[in-house]
Amino acid sequence: MFQPAKSIDDAIAPIDDGCMLVVPREVSGVPMAATRALIRRGVKRLHLVALPTSSLQADLLIGAGCVETLETSAVSLGEFGPAPRFTSAIKSAEIQMKDATCPALHAAFQASEKGVPFMPLRGLIGSDILKYRDDWKVIDSPFGDNDKIVLLPAIKPDVALIHAPMADRFGNVWIGRQRELATMAHAAVRTIATVEKIHEGNLLDDPTLAPGTLPGFYVETVAVAARGAWPLGLPDFYGVDASHLSEYARMAATTEGFAEYLRRYVYERRAA
Amino acid sequence: MFQPAKSIDDAIAPIDDGCMLVVPREVSGVPMAATRALIRRGVKRLHLVALPTSSLQADLLIGAGCVETLETSAVSLGEFGPAPRFTSAIKSAEIQMKDATCPALHAAFQASEKGVPFMPLRGLIGSDILKYRDDWKVIDSPFGDNDKIVLLPAIKPDVALIHAPMADRFGNVWIGRQRELATMAHAAVRTIATVEKIHEGNLLDDPTLAPGTLPGFYVETVAVAARGAWPLGLPDFYGVDASHLSEYARMAATTEGFAEYLRRYVYERRAA
Amino acid sequence: MCMSAAQRKKPFRDEELLADVIARLIGDVRHVAVGNASPIPATAALLARERGNGRPYVSLLQSRKHNFFTDGARELFDCAGQGRIDVFFLSGGQIDGQGNVNLVSTGDYAHPDVRFPGSFGSAYLYYVVRKIILFRTEHSRRTLVPKVDFISAPGASTPDTYRPGGPVALVTNRCLFSFANGRFTLASVHPGHTVEEIVENTGFNFEMPAIVPETSSPSPESLKLLREVIAPQLSEVYPQFAAQVFGVTQSAFAS
Amino acid sequence: MCMSAAQRKKPFRDEELLADVIARLIGDVRHVAVGNASPIPATAALLARERGNGRPYVSLLQSRKHNFFTDGARELFDCAGQGRIDVFFLSGGQIDGQGNVNLVSTGDYAHPDVRFPGSFGSAYLYYVVRKIILFRTEHSRRTLVPKVDFISAPGASTPDTYRPGGPVALVTNRCLFSFANGRFTLASVHPGHTVEEIVENTGFNFEMPAIVPETSSPSPESLKLLREVIAPQLSEVYPQFAAQVFGVTQSAFAS
């Protein structure tokens, strides 16, 4: 039977150097505790896909030197300004950037979810994003008359890393409305979830909880990480820690400040 | 503000003769009360799409002469045997049949949901279903090497007709795990829902109910129909009425028996 | 299914034997799914799970309790497309020697002699699920034919077609065929049946070893599991089957 | 945004004027969605809803309370593709006179001078949402340029490209431009600003009527709605904005 991992460190063990890792957008339940554990472990050369955008998580991983390729639609600290390590890494060409647009990433994950090699999408034509993506193809739709449409290749990550309110002892994870977490899990080879707590009983047996549940057969490991999204929020559970994000934005503006942030908040395992 | 319909008859008013109507599979919450109301009203020439299969509902509509074209993957009474009016109508060529396979229908609805003209799907090649569907195209995948794949055109119904456990006064409908009802609603121009009851309060405000809720902006009308799926079941709420389905299978085996069934259970508005 | 005098003497019912045969075919896998109107495969899958202490996952598509899908009716197919469904079951109004299945009609498609319900998910799942177990209780020249009238799903595909999956076996009320390299081979004959009877009642050609073994009977442990543990679980989805085969009655409001 | 001496005398803040202008541009529609980091468009959409007695639906994508989507982060885009989103807002690090927006970088793409966050959903929504309102507070030759360095999303498309939607207006801290036939037209100048100043600070060419009206100021009723009803709603998603503009403080655990 399914067993929760003993620790966050155990849970993230399958995230190998060089693997393709998908993480969710900044408001969907971001596994920040697991991200700090990954940085402490010194993961390298990640092909990081943020579905479809990211904030602190991508910035931290980039700044800590864990990322070789980044595929996303935007990285920003939102109200707290630009993502400084992302911006700096792009300008100094330290990472390879695959610029996308949100629905293209969603569609590429849906392609893997459906087991098809590609997904069509409207828009895109005439955008320079398309110009720089030689992996995206334009065809004439066979259902139209001179009707061009873009085909996006499926994205099949090695690992999806998510954070959610709870999981049960069968590996079922309650994701609520954040259904992109399910799409990520369907598309990925393996899914690793951190959760706020373990739910006693089977989530799928409860008619009101089942609709928001990711079934356990998609889930490789679950580890408990209370306030595991901190300093980001977890929808319906806790909000963002605005003062911490301000502090991050200020510290990460310089290489030295970022190193100090890592020392203080990542390597010393300090949390909220 | 959104107002529930005064009656089932009012709710089904937008279902015009000749329209493309999509209905859900036999275990997903079938609007049987609304189906009987449609038959009483004498709707004609429907292009009925059952996503992806049907049982009593399609058989009744076909037997009552409401259907011109049927697009589905199977019609059967399951344990209660073949669907007699469907079988008879096909053999006498009274309806036009567009045979499909379940995932092809799901994919065609997802195409409309995504606003794309088609969706690719594996399988199908070498099946006679494809041979008889000249609206399905086979292309060489531009991402493969001599890799043939089928493209299915989007299905965009005029109306989706569903039955669900509850709706609120904002038009939000709780569909639970039956997410194909959401896909139907996303794909259709209009959605009409019958529900067991009205939920006081806003379904989207409840974190445990929201994940199973179809948002009101997809919903044209809601009407209350208690035990509205009878004699079929509603998942988590009530099971099928097996003795009634046996009776139906027996009566519908002949034209005369079916006419008597209609008289007794449809025209006289008799319910459970 | 009709019971012969010989069968009546056996300490198990035909359905129990077939479920036991299929449970062994399932083997050690992660996820078995069972589609519409398949009570015996459902019984087999639940039996395999009981024997495996909860492995494999068993998804009965028409069930509420034995259904792990939460992304709607398409999730089975998506999941299969991802390679996450290891075993599925298909039947056919006709099945031919090349493993083609017909769930649509006999005679001319536009003016059929017999119309079956339809292809369900066969034209997809037959291609992408690694192990498809064909199942048809009625073993006759009417059902097992030289060539199906309508190919709902083909037994094999050309190299330019994506096809990681396909048929591995065919279970009937008389015997078990294995399937490989585009042909059926008679693997075992059920107790009370004979090779001659199978040749006589099969419309297609098949391979056959010099000595054809008899299908193993279900063990007392398996029969106990079937009757005491599995049967009550079945009554939610297959009330008539559970009642007829195991004498289990459905609760008024199965949910 | 910096306040000039002239602005200080006005009975409203710049943000209030801009929200009011945008609320009028929204018009009578069914569904307005607001993306990331767009506090003024969010304010405008909520104002339009208050004035319309609950119409239009307003979806703030980063909000829990003002978010009607339940099919995950893709639903906005699917919904827009279905034609169900009537109004959306886009900004740009650069916007040019053809309505092209740049959310990626300036200079050479491989070695940029300035890197912006990225294109978000612009390369899709700009095509399929009927009314796109461009919004950029900073009105300067740095932001409003003759030609963007990177086209995140183009202002117009060739006939063989599916394009039911596109830009209808551009709102800045100095003025309102309308957009039609591939060009901007100066529609009104905000109180305290002049046509000359706009010409001087705009890097692209635009059309201009002989007499350019002044942008209407928000009515006392609108200001009251903004300050008393809308501001508290904003603090969930835009705590800093709500605090700075309206003096509303965030609760410790906004949910």
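Which chain is which? They are A, B, C and D, in the order written, and residues in each are numbered from 1.
In this text, a residue touches a chain if its C-beta (ideal position, glycine included) is under 8 Å from a C-beta of that chain, and two chains touch if they have at least 3 such contacts.
All values reported here derive from a predicted model rather than from experimental measurement.
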item: Selected interface, A-D versus B-D, where C-beta contact pairs are more numerous; value: A-D
item: Per Cα centroids, the chain farthest from subunit C; value: D
item: Computed distance of Cα centres, subunit C from subunit A, in Å; value: 41
item: Approximate Å spacing (C-alpha centroids) for the pair subunit A, subunit D; value: 28
item: Separation of subunit A from subunit B, taking each centre as the mean of its C-alpha atoms, in whole Å; value: 36
item: Of all residues in subunit A, the ones touching two or more other chains; value: 107, 110, 114-116, 121-122, 147, 149, 177, 179, 182, 210-212, 235-236
item: Subunit C residues counted as touching two or more neighbouring chains; value: 69-71, 77-78, 81, 128
item: Category of the chain touch graph - line, ring, star, complete, other; value: other
item: Inter-chain touch pairs (all); value: A-B, A-C, A-D, B-C, B-D
item: Footprint of subunit A on subunit C - complex, ascending; value: 30-31, 53-54, 57, 65, 68-71, 77-84, 128
item: Of subunit A, residues touching subunit D in the complex; value: 24-25, 27-28, 51-53, 72-76, 78-80, 82-83, 86-87, 90-91, 93, 99-104, 106-107, 110, 121-130, 132, 146-149, 177-183, 233, 235-239, 242
item: Of subunit B, residues touching subunit A in the complex; value: 107, 110, 114-122, 137, 139, 141-144, 147, 149, 151, 153, 175-177, 179, 207-212, 235-236
item: Residues of subunit D defined as touching subunit A within the complex; value: 36-37, 39, 62, 64, 69-74, 77-78, 81, 103-105, 109-112, 115-128, 150-154, 157-158, 160-162, 236, 238-241, 250, 252-255
item: Of all residues in subunit B, those that touch subunit D in their complex; value: 1, 112-116, 182, 186-187, 204-205, 210-218
